[in-house]
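Labels A, B, C and D are assigned to the chains in the order they are written; within every chain, residues are numbered from 1.
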Amino acid sequence: MNTATRAGPAPHLEPASQTGWRRTWFDIIYRHDTPISRNFDLLLVVAILASVLAVMLDSVASIHHGHARLLYRLEWAFTLLFTAEYVLRLLVVRRPLRYALSIWGVIDLLSILPTYLSLLLPGSQSLLVVRILRILRLFRILKLTRYVEESGVLARALWRSRRKIFVFISAVLTIVVIAGAVMYVIEGPANGFDNIPLSMYWAIITVATVGFGDIVPHTATGRVVTSVLVLIGYSIIAVPTGIYTAELINNLREAEDEARSHDVRGCGHCGLLGHAADAAHCRRCGASLPRAD
Amino acid sequence: MNTATRAGPAPHLEPASQTGWRRTWFDIIYRHDTPISRNFDLLLVVAILASVLAVMLDSVASIHHGHARLLYRLEWAFTLLFTAEYVLRLLVVRRPLRYALSIWGVIDLLSILPTYLSLLLPGSQSLLVVRILRILRLFRILKLTRYVEESGVLARALWRSRRKIFVFISAVLTIVVIAGAVMYVIEGPANGFDNIPLSMYWAIITVATVGFGDIVPHTATGRVVTSVLVLIGYSIIAVPTGIYTAELINNLREAEDEARSHDVRGCGHCGLLGHAADAAHCRRCGASLPRAD
Amino acid sequence: MNTATRAGPAPHLEPASQTGWRRTWFDIIYRHDTPISRNFDLLLVVAILASVLAVMLDSVASIHHGHARLLYRLEWAFTLLFTAEYVLRLLVVRRPLRYALSIWGVIDLLSILPTYLSLLLPGSQSLLVVRILRILRLFRILKLTRYVEESGVLARALWRSRRKIFVFISAVLTIVVIAGAVMYVIEGPANGFDNIPLSMYWAIITVATVGFGDIVPHTATGRVVTSVLVLIGYSIIAVPTGIYTAELINNLREAEDEARSHDVRGCGHCGLLGHAADAAHCRRCGASLPRAD
Amino acid sequence: MNTATRAGPAPHLEPASQTGWRRTWFDIIYRHDTPISRNFDLLLVVAILASVLAVMLDSVASIHHGHARLLYRLEWAFTLLFTAEYVLRLLVVRRPLRYALSIWGVIDLLSILPTYLSLLLPGSQSLLVVRILRILRLFRILKLTRYVEESGVLARALWRSRRKIFVFISAVLTIVVIAGAVMYVIEGPANGFDNIPLSMYWAIITVATVGFGDIVPHTATGRVVTSVLVLIGYSIIAVPTGIYTAELINNLREAEDEARSHDVRGCGHCGLLGHAADAAHCRRCGASLPRAD
């Protein structure tokens, strides 16, 4: 992967014009390899983190009442800043609608819309919480760093093991459905297992070894069933780890093999690369190979 | 494994007759590779999921009272549907008794029996919960998909490590028995450790890191013992994961080795084995190699 | 490992005499490869499990009061049986004192002593719990089965990784000591963190993700520290698993390599074994080797 | 790594003078390979452990009141001992300021300062807890043992996987922020989810499978969200383990490869590399090989 390409704008993004202020701002906003665009990114990261922190603190009653005016002003400052950025993003790109409908465009809109809507629908507290999705905007910037390769390795291994993990989750959910029904019959509403969905919630909390303790078995039979369920959960916790580790080791080995195949001797006759370390002849044309050292 | 074979009926299932409606229905029910039989499978999956959901919701008091009539009718609709399917399955197969006594036949019967029995034994609430086993019928259809291979890999690794996991569970249970007895002596009924079986239940919940918190140590000695128990549990949680991961990696490597051993050709001149799949010449002596296909 | 040897008595055990009833009983008790000695083992397993179960049930108040007489008689029956076995074991072995002072001899004695002592020291309830150690006697018999090899693999990997696990436990304990002291200062006795040892107990329960919930942070700072502690615990839970898995994979690979080295070609000239698969000459004397197929 | 070097003083530490009492004490304190310096180390370990234990016990109200005088005297004895050691360390080293500003120098100072400050600032209980950091001084001595290699392997694998673990922690924290906000909206202050930071604390405790149970969902929707959150946590617990295990296995393999590459000799006749350590002849052409040493 070429760093210059990666730090440039995504391939489907093109500037609205090749010259003038639009081109300048396009480079500031969408490119990430010039000093000014890096400063822009940094400013954005700080603004996003500060605005998420403001949303969090605003939900604390004592802070909300003590600093209502300050938080209100801060919120509008962040909203106006993000609105300006959003409008700019649309203005300088060649196909604004396409950007607006992309994942990043939708997240950008969700970051500013709730504040405006709160003017029309006063008291819509839960709407304001949507602003917390601003945190997702961080990943746009994170995507540009070298961490993207690491997350690529992790995600690829996760993607490769998706079928095995689906099978595993199916098995866990079947155990949960049956355990939930059994515990509902054994313990019943008298002991807090009010209905099967609640029992299933309890079974998930238990098999995943969380164990809140708000619902617990009280009968001897229920405790035996719980012990068995817990031992099953304790044993099969190994399965996703095993799946994922095996896949990750495989991934790393393949990457290594590929890396190795790039720096071995080429055949002087036909140019084939990737010969085994002990090969004395080209495996395609049979010509002699230079010594490997 | 041949896809056609896998999608066909299980080897011990044969149609009752080679022609007529029985043959037609046999193909619809037991085969899985024609459009009509696939639609039948899909319909069955939807009916099973809907009926399991109905059983779950029926256990919620408010829903049970608010929609008693609807749920009752739905239940009878599902039961009649599954009964018709069950009778058909028996009619079109050559050896109905053999099918009825197989695992799938028993599960099919358990899926419909409770509703009929509830007419004879009114108020048998816990009997109705047996219907939740319908969820197991999903696996008959899951078995036909490509997920079966994935679960095969997982199950084979689990099967191979069965002895090691048995040894591990024995060690855990011995720790649990001794820890339970020790905590019963240290804490005693005054602190909620009423008897040894209850203490053992607590020890299982603790060593598996669930920790409900309904029973907790109150004495200093008890807390020291608990800390040691928890650290043991925390350290040995690694064991089943290690066992399983090692087995899974082994499995994958064997599959790879086997795949590789199929396209290994020996050099006719010097006898060297283990050539790359695309090699046309021996890498040692440069002699021509036979084509790999 | 030779099965016959393994099923025979341990090497340091010798019969008191080579003929007569002592020799007969020595073979019954200490050997494990004749039908009669196998039946003896089986009887012992059943008696051990039944007696442990009796000790457990005796601790349940309702069962203790309802079946006091039955349990009392059962206990004496088991004690007399195990006493007879213990005396026999000492009588038929050549060096009885050596056996009595071995681990198994001590466990045998601990299994019967508490019942006799309860005659002298009435009301010594906690003494009777010592009888639960009878469960350890099962391992003497388990040792003779093929499971011993599996547990050998597990134990060897655990033994090899002992230093790494010691380092890990030291790191965890240091985190626990510091976190305990910090939480004691932040939360203090008012929030249940009465003193540093109690805070350390809480930190162990938390970092190992057990989380009983009997002691929980109530201040904002305390919750931040707890969150950090939990994330640390969540991340480093990987470490023992990683250590153990890597060791286990290594172990299996070595076992494989060793197995492979046994069935390769020997040099016809000097007899050296263990040549690489592609070797054409003996690596010691340089003589030609037969083709490997 | 050379044992003598490792057991000697750190490279930047030089004695203040090459002869006299300063040199003698420098060797006692900073070297670790003579009998007297080893005894000094042992004495230090015992004093550190005893003083940490005293700090812990002093925080227990009953012990504090019952043994106030003893603990007070012990504390001053340890403080004077550690002060003497600290002053000596500064006196015998060539560049005392450099030592005082190193990590170990700061920890040494933090170990004694609180006791002196408690004379000036009476009642500064929380200050005294700083003394618990004395436990870190143990690692200076642990560093000299063979355990350092083991912890080196563990730490290197942790360091190599730092980027992947950073990505993982970022993903977990994003899930926590969103889950916290969602649960705050769904459950609200009425069910104990007072504000978003508290909800996030709950989400961390839940996703890490600790589950204190002080805050639990009470609505049906909240329980569904919790179940999903728990299943996510249960699945991704595999990720750090996978990362770390893969890295550790890689590390061990590299160490092996490196070890192997040191005794590789090339055949002077045909150039083949990779001979076994005990090979005297090339395995391909049979020519004599140079001795491996």
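The working rule: a contact is a pair of C-beta atoms (placed from the backbone, for glycine too) under 8 Å apart; a residue touches a chain by one contact, two chains touch by 3 or more.
Since this is a predicted model, take the numbers as computed values, not measurements.
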Higher-contact pair (C-beta pairs counted), A-C versus A-B: A-B
Most remote chain, CA-based centroid, reference being chain A: C
Equivalent interface positions on chain C and chain D, same or different at half: different
Inter-centroid spacing, chain D versus chain B (mean Cα positions, whole Å): 42
Chain A-chain B separation of Cα centroids, rounded to whole Å: 29
Between chain A and chain C, centroid-to-centroid distance (C-alpha), Å: 42
Contacts with two or more other chains, residues of chain D listed in rising order: 197, 200, 209-213, 237, 241, 243, 245, 249, 284
Chain B to chain D touching residues, read off their complex: 209-213, 241, 245, 284
Interface residues, chain B side, partner chain C - complex: 163-164, 166-168, 170-171, 174, 177-178, 181-182, 184-185, 189, 194-197, 200, 206, 209-213, 216, 220, 223-224, 226-227, 230-231, 233-235, 237-239, 241-243, 245-246, 249-250, 270-274
Residue ranges of chain A in contact with chain D within the complex: 52, 55-57, 59-61, 125-126, 129, 132-133, 135-136, 138-139, 142, 146-147, 150-151, 153-154, 157-158, 165, 169, 172, 197-198, 200-201, 204-205, 208-214, 237, 240-241, 243-245, 247-249, 252, 277-278, 280, 291-292
